């Protein structure tokens, strides 16, 4: 699929306006704005505790924000339950894996198709009449994704016995099975070695290119973010401190100070001035 | 409905509630340290009652010695249960632990009556039967003494939890891994909690045994104890004290006020209604801590 | 070979998802079904009426509960009360002249409607707290049944079940009730087997494993928890109705006490949480262990003149029963189904033991 | 769990053990009675002693040679008050040709009624079960053979009347366990209160009655002239203790039949002096049949339980039921010595017992095709600190009211199966 490179208002996939959310006395998000355009990969970065995951949780509906609105494809979804948001073609992966133990890899990915299926107890009872055809149809889609993510060998393994790196891939496959328009990836490369990281990076890019999906990527690894993101937004203490093209954003002194501390920022700035 | 009767009912409710509270205390102790629900706590009280009767009649010990012996035996028994059974249940779903303790209850309900006979056994602490009458209000001597002893034991447990060993037990209840890393012997703390819970159950078994005699029905006190521990908050020891009084008075007044209206023993379901209401309105009880789930 | 996985190739997705891909399993299932169908002609009435019939009914109930506990991960300590609702509804309906077929459905509906109330608690709380609230509801329903004369049948607190007909056949004697129970059990079993391979069952499993992750992939936990309670209670209600009509033949409040609920939970767990086969194993074990221990100890005592007191003699089965539950949880928490599976796997991969997982 | 030989062995041997055949008696002709009773759950307070008495009497009968070359085999088993287990036992008995079943549990008796009637096996419901089963025309195979709760209630009120000469304006309260069994006598008390003019009030307590703390203050404040407490097992001892602790006069306190010496021992033998109860069979060791048992059974080491229990109230009730069952058997042999030895055959005998007193143990029992209660006779006894002392002669009271109730409910059973 060809990527369109326009940025008209109709192409905004997700728009967050003035999001505020606190836990106890702690303000985790302070008037954060965020926009994702069609077909782009937006990197959301920031040091630990800067509010990235909280932001994701607000977007996906886990914590309703105290103030502000979230709009998905022009529809206000601010106080919708997560499953209702999922039905609007948003999918997500978790920082600490949230696969369903006790189910096979295949069943986990099939669960990703949930929003497209019509589960019912009656259909279950009359499986051969009502459910079988639907199951088979969705199975085809899932097999395609299994091929795409190269998970054929472990298809029938219980998901908990699969190595961690592959589990991340299964989770991504589950999210893709929903055929989302917006994919939210919460640290998909945490705890991975270089080779696995490269794999996942490739899958993310392929997914964007082949499956017509916009991506919000939360990531720690700067190298990955700068390599694949179209734009980047940096959070610190619940505020946006920088935004823009990745290379520009990471050069921003406030970003450097947020990451490396005040002194390092000054030193870097001084070095820049000297040069 | 006359006022004096209300007073009498309220007083007996408070006292009986405190006696229930002693069993609830064990449930809370175990939940607080190990996060497990012990549904065999009523059966432990029954076992404690039987043990006391056995020491007093079969072994011929004087009552005070029989009580000490039973407390010691049950302490060990509690630790043994933890060591042999519950420790292996760590990481299993809640329902497994519930079923295990229910199995334990069934087992104990077979052992006590099987070994010592199923007829009701008297357990005489030497409390006189004659009532205490203040003004026009009658106070039941057996419940007065039972309630007072229970209150003392509950307060003593609260005090214990503020002592050094208590601080360690609290640490265990907060975070087992962290406690481990600062050198607290988590397993030992849990074992102590079980020993203590079994001993407290025994104390309750003895008090209730002196009131109603010892037989399998002692294990039925579990339901009241559950109501108290849920109302007070499963992880709040101080909550037991207040919840015990509330449950006791509620039951007592329900008997006095509702029974004549509906013509049935409503006391049976007061505990159930309290459990249900608590869970619907304030699931973590009056003093329990709410657990926030992190995604 | 009969008992090998090797060499079985599937060409269609449906074939891969069939219930018993192995020839051996198909033969076994066929054999069991044949045996059950032929039982009234081959088996002694005693075994038919007081072993097979209650076994089928208790297994059906255990399956219904297993949908909730094993399938959706919701603890229910008040399933006996759910069955009581079904039993009382159907008996009252049948007594007022409504055909049994309709009464069965309405019994299920009533149980399901009230079962949702249990489920409503599940939306607020989970785990231990859910166990407590269902326990409380068991007590409240018991109390209601025995205290409303209109339900329990007045002073004598018993309601005889009138003779009913199902699809034109009078449900009397041992044979027809047996076939009714067998039919019901077959339907529930098929349903439960299918739960394992449809989106409905997967949605429940997702809630069981991680309810927040289930939400994020689009499973409305609210809806599906209620649905699980609905379906499970419906099954419980229908089983309760059939139990009353085909087996108990007279309903009294004592029959559906907490003991029944605990018995059913024990069946589910000893059999294996979430396992269809396990429910059958568990029901057999929990239902018959006390009878079996009792008969065995009674025989031993009279045969060999064991000099033990009546009290001890009659309480030993109770101790063994309790010990059995404890042992199962400690030694094989996955239940009888897992033990069966171990045996099966042993033969499946023989002689390559190292392949076993 | 790994599968190994040990598991298989254990499972296998367990399977074999359970299915051993009945004990093989030396080629004797047997009449089989089944006693599936509750030894482990609700009826534990009575079953052990009852069963001991029943078994001792049957041993006595067998030791004396039985009847017509037949001996009685009594199969005792625990049903744990659990209906599937009781049904299993019943069905097994049916298959093995048993002619009588004695479940000694009200819920089990209720649950087995339809089966007993359909399968024509005599079900004895001693001092338990449905009170209206006294109507032999509706319940041909249900045999209370003992004064039902309505007869007991009537006799208790009759005793109060004889003490006070007049009950007009008096207050009688019933403290009862809140189960069908506890609520059962209420209609009789109400009917009699209309006839005799006393005021009647009820106080239900939750089963099993181990906690009655809130009941007795109310009873005390109600200032009753007479108190009747109606429960079983732990409910009775707790009721007694609470009555004492609330300072109620014990000599105006009466129980139904379910109060025994061991209950008094639990509360305190001296503390309970004066308490009244209904009695259906004489207590103590004086009756000739108890003496015979002591001599011919217990002294020979064939007693079914501890010797100390012989002669207790519940033991004697067990003897009473053993004796009545055997008397029914005798009558059956009189009527048809050659059998066939089936349920209906024994039924004929059980329904034609005439003036049977078991040599002074019982009030005269007479059963007919209509009356399965046997006359509803009993007496009131008073605890003197060591034993229960009779306060009245054997007799029955207000049987017109009692039978009114019996007919009312048996009609309902016949008509609508309630």
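Per-chain residue numbering starts at 1, and chain names A, B, C and D are given in the order in which the chains are listed.
By definition in this document, a contact is a pair of C-beta atoms (placed from the backbone, for glycine too) under 8 Å apart; a residue touches a chain by one contact, two chains touch by 3 or more.
Computed from a predicted model, the values in this text were never measured in an experiment.
Among the remaining chains, A is positioned farthest from subunit B, on the basis of C-alpha centroids. The innermost chain, defined by the distance from its C-alpha mean to the mean of all protein C-alpha atoms, is C. Inter-chain centre distance (subunit A to subunit D, centres taken as mean C-alpha positions): 73 Å. For the pair subunit B and subunit D, the distance between C-alpha centroids works out to 35 Å. Look at where the CA atoms of subunit A average out and do the same for subunit C: the two points lie 42 Å apart. In subunit D, 39-40, 48, 178 are the positions where the chain touches two or more neighbouring chains simultaneously. Touching two or more other chains at once are residues 147, 212, 309, 311, 314-315, 317-318 of subunit C.
Multi-chain contact residues of subunit B (touching two or more other chains): 109-110, 113, 117-118, 264, 268, 295.
Across the complex, subunit D meets subunit C through its residues 1-3, 7, 14, 17-20, 22-23, 39-40, 48, 51-52, 75-78, 80-85, 87-88, 90-92, 94-95, 107, 110-111, 113-115, 130, 132, 178-180, 183-184, 186-187, 304-306, 409, 412-413, 416-418. Only residues 2, 4-5, 8-9, 12-13, 15-16, 109-110, 113, 117-122, 124, 129-131, 133, 138, 140-143, 208, 211-213, 215-218, 220-221, 251-253, 255-256, 259, 263-265, 267-268 of subunit B touch subunit D when the two sit together in their complex.
Put simply, subunit B touches subunit C in their complex at residues 37, 85, 88-89, 92-96, 98-100, 102-111, 113-115, 117-118, 223, 226, 230, 234, 262, 264, 268-269, 271-273, 275-276, 279-280, 283, 293, 295. Across the complex, subunit D meets subunit B through its residues 39-41, 44-45, 47-49, 178, 202-208, 210-211, 213-215, 217-218, 220-221, 233-234, 237-238, 241-242, 244-247, 262-263, 265-268, 271.
Within the complex, the subunit C residues that touch subunit A are 12-14, 17, 187, 190-191, 194-195, 197-203, 205-206, 208-210, 212-222, 227, 230-231, 274, 357.
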